[in-house]
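In the two complexes that follow, chain A is the common piece, with chain B as its partner first and chain C second.
Right after this comes the complex of A and B.
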């Protein structure tokens, strides 16, 4: 069964590798020729910088801080969002209000939240909390629509058999909605990384975000690009991991 | 999903016409009840803020009470409007440019198998790159100025339009495509008459997703780089310890962001009805 799409995939894999390679070469050429000014270094210079032990130590420390904050925020935001979605499924009267609150909290711009969190929750906790908010919204939106995704016929069967809201939720809505919830998690993972980085802009002590802003201000272009590439790499890694998880869940539940 | 919601909302008034007309008092209580059921959490939020500023006894410099913040916004609206207008202009400019660029490149990708094969992985990589976190890099490349803010809002608006328009272009209704093929329509005619109208709902979804993000990105960029706009107003008020003004800027930014979301959703619903 998988042979036919596999055969079709082979040439497109070649094109895909070509596309990524073309992008890298383009970035290198623009930097080498200085087409975009001194702010755009050749990619090889950035990799040369990353190869230095001192740079690796600096990036490694920042990476650990950011990854920890992003992971903690992802878990915290995901769990809270799922609990709130379950609450609004069990007590439907709270649903519209909770959805509005989520939309409003999501709309509060991060520049407003950051300093607020710094004063109330402290420097260490701010990146985690911003990551949790960013990830939690994605999970909440996915989870509320996932819990509503069971079809009417199935619902009728549960009602006729006398199932309560809790057992309908546990035995019908959650299993039926799992693929959609995992879709939400796929969106939430890069959001958590982004949230952690932005949370660090407001005065954290270490992390990729701190490194980004301080290298921007001190015109350390190689370091700036290395930090940006690191942020992109962890974001991509989180995304790829969750896409793999989504594949596994879809095979099991569909 | 939105289409279901639409048809449901259209069905409601039809059902009501059959019943007796409700009295104005009942209409009022019903609409009040609806507002309450939707916004009780927002009201509870403001109450909690007030209680929090009383109970913790923080100095007003740390946590200003709601009255002080609302008072500053309403009393000195003139101090906010120019920056607000600037930020909105930057967001709107970037939004239009980014969505136009996204649509154009989606059409180019549709038209060529090779470009499509090359662009798809690049788009995947770019989509998971945290673009807003790249503001420092873009500021370094394009300089500290309004042009960079415009570049950032453009980049932020690009990907949703590119991805969603692209997927609509590939998912055209088979029967209509067959008909056009039988009638001997050229590729550009198919694109103009069938695919582009078919892609409009995708573009509308992209608009709803992007509009609040573009405003947020503009403000973050202004916060980091200075210049003009709400983000700069906020940064300056924080550094001069004008707490009421700072929280006021945050409040205005929140309201604008919610309003953008609501307006974009309304545009999407209207457009979806028109184009599907």
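Right after this comes the complex of A and C.
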């Protein structure tokens, strides 16, 4: 099993906190000494900027927009991906075709899809749709292998008991695959945030992506960094929430 | 057994409960080659009979059981269970199986694992029967335990209770105690003997433990090494119920020694025909 068991997480958590702290200190030092030029401000300057009420308002609005798009995309992409995976489990003949379709969709870079979506779906929907594509693929890949993860003996028992496809799916494949599906969701959450930000680059009205582009064009370095850190914080938060969910699921379903 | 409209005019008890006739089973290997697991095997089991299949590892015992369970199709020959194909019996939810791997659902309690056959068959769970079965296999008080919280022997008992849930016509057991230590295994054998006395279900048990076979079965079928076929059929005359005292009976030991000898040296008969 490749998953990190819950017990091993506790000591590594302290290590991770230490690592993050060391990184922050390093970033500060590089900024203070101007080692990387004017584009790399000291972290304390960025925090000073974030402390200003006007900045907070700006960042807050952007954060709300991006988080909403990411969440909506995560849900949309996740639900569609799960439905498609379930369909291919119920109608095995569709399996290879659907997998190839998903691979083709995934092979088109999200960056290339952005302008396409702006012209077809509009600038409001684009961040959500890009987030849905990014999250959906992660969930689809995880769900297809999750639904195949029950062991042979369990399958044989279901066969001999005369279980139909739907019954096997509901009572064996889904519960047996839940830990892997949640693993997929854990990967999908940061992907959705990234997707939403990319979707915003192409001309959304507000959001972290918009803020990133405008700060870059206006050389507002502190604001640029604050926006980037906010995006990272959402990703991290989503990831942490799902890791907690994963722990609960693994305790119940393994 | 409920009367069923039989398409054949034969009364059910003149035909065997399980019949394997002229069974050849090849498993495909890579590059078109195949391994012959069974070669012209014939086996009939009467209603209410307990038959044990003994044989060296890899001789095709599990394949015989999987054929009877409809999990494999014979390359040649026919498999009939209750006069029908295993697939028909499966569709009617009339088969019970337990494997060496207990294959319980780890997220479900003992009670819900035993109730699984009801749910899979789309029937209302008979809670009283589920609890009675758990009591039958000696697990009263463990109804709400998860498989993880049970010992290896207890898990196998849950698996056997699950196999019995829908009062199957035929019970198929593939080394259900194979992963247990010797002491637990013997205790489980005696439990199974007691359960079988109460239920008298047609049972096919696959094992490589000679004591287990002689202790439980009405008839022991010894198989040759691969490709498997029937080497010897041994009637076991000792009366049921056979308790722990049987294992001290000289007749029991004589039989065990004879059958063990056949397992050691299956060549002379295997070479014929």
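Simple rule for what comes next: the second predicted complex is superposed on the first by the 236 of 254 C-alpha atoms of A that agree within 3 Å, B and C clash if a C-alpha of one lies under 4 Å from a C-alpha of the other, contacts with A are read in each partner's own complex, and residues count from 1 in each chain.
The rule is short, and it goes like this: a residue touches a chain if its C-beta (ideal position, glycine included) is under 8 Å from a C-beta of that chain, and two chains touch if they have at least 3 such contacts.
Predicted model, so just to flag it, every value in this text is computed and none were measured.
Enquirer: Regarding the shared-chain residue A:159, is it in contact with chain B (first), chain C (second), both, or neither?
Expert: second
Enquirer: After the superposition on A, what does A:194 contact: first (chain B), second (chain C), both or neither?
Expert: Once the two structures are laid over each other on A, A:194 reaches chain B alone.
Enquirer: Using the touch definition from the top, say if A:174 reaches chain B (first), chain C (second), both or neither.
Expert: Touch status of A:174: no partner.
Enquirer: Quick one: name whichever of chain B and chain C touches more residues of chain A.
Expert: In the superposed model, B touches more residues of chain A.
Enquirer: Per the contact definition in the header, classify A:151: touching chain B only (first), chain C only (second), both, or neither.
Expert: second
Enquirer: In the overlaid three-chain picture, which partner chain does A:101 touch, first (chain B) or second (chain C), both, or neither?
Expert: first
Enquirer: By the touch definition at the top of the document, which applies to A:253: first (chain B), second (chain C), both, or neither?
Expert: In the superposition, A:253 contacts chain C only.
Enquirer: In the superposed arrangement, what residues of chain A touch both chain B and chain C?
Expert: No residue sits in both footprints.
Enquirer: Show me the residue ranges of chain A that touch chain B in the complex, using the header's touch definition.
Expert: 11-12, 14-20, 22-23, 36-37, 39-40, 93, 96-98, 100-101, 103-104, 107-112, 115-116, 119-120, 145, 190, 193-194, 197-198, 201, 208-209, 212-213, 215-216, 219, 221, 224-225, 228, 231-232, 235-236, 238-240
Enquirer: Enumerate the contact residues on chain C facing chain A in the complex.
Expert: 66, 69-71, 90-93, 95-97, 99, 101-103, 105-107, 116-117, 119-122, 162, 172
Enquirer: Mind pulling up the chain A residues that touch chain C in the complex?
Expert: 151, 153-154, 156-163, 167, 171-172, 175-176, 252-254
Enquirer: How about chain B: which of its residues touch chain A in the complex?
Expert: Residues in contact with chain A: 1, 37-42, 45, 62-63, 114, 117-122, 125, 128-130, 132-134, 136-137, 139-143, 212, 215-216, 219-220, 223-224, 231, 234-235, 238, 246-247, 249-251, 253-254, 257-258, 261.
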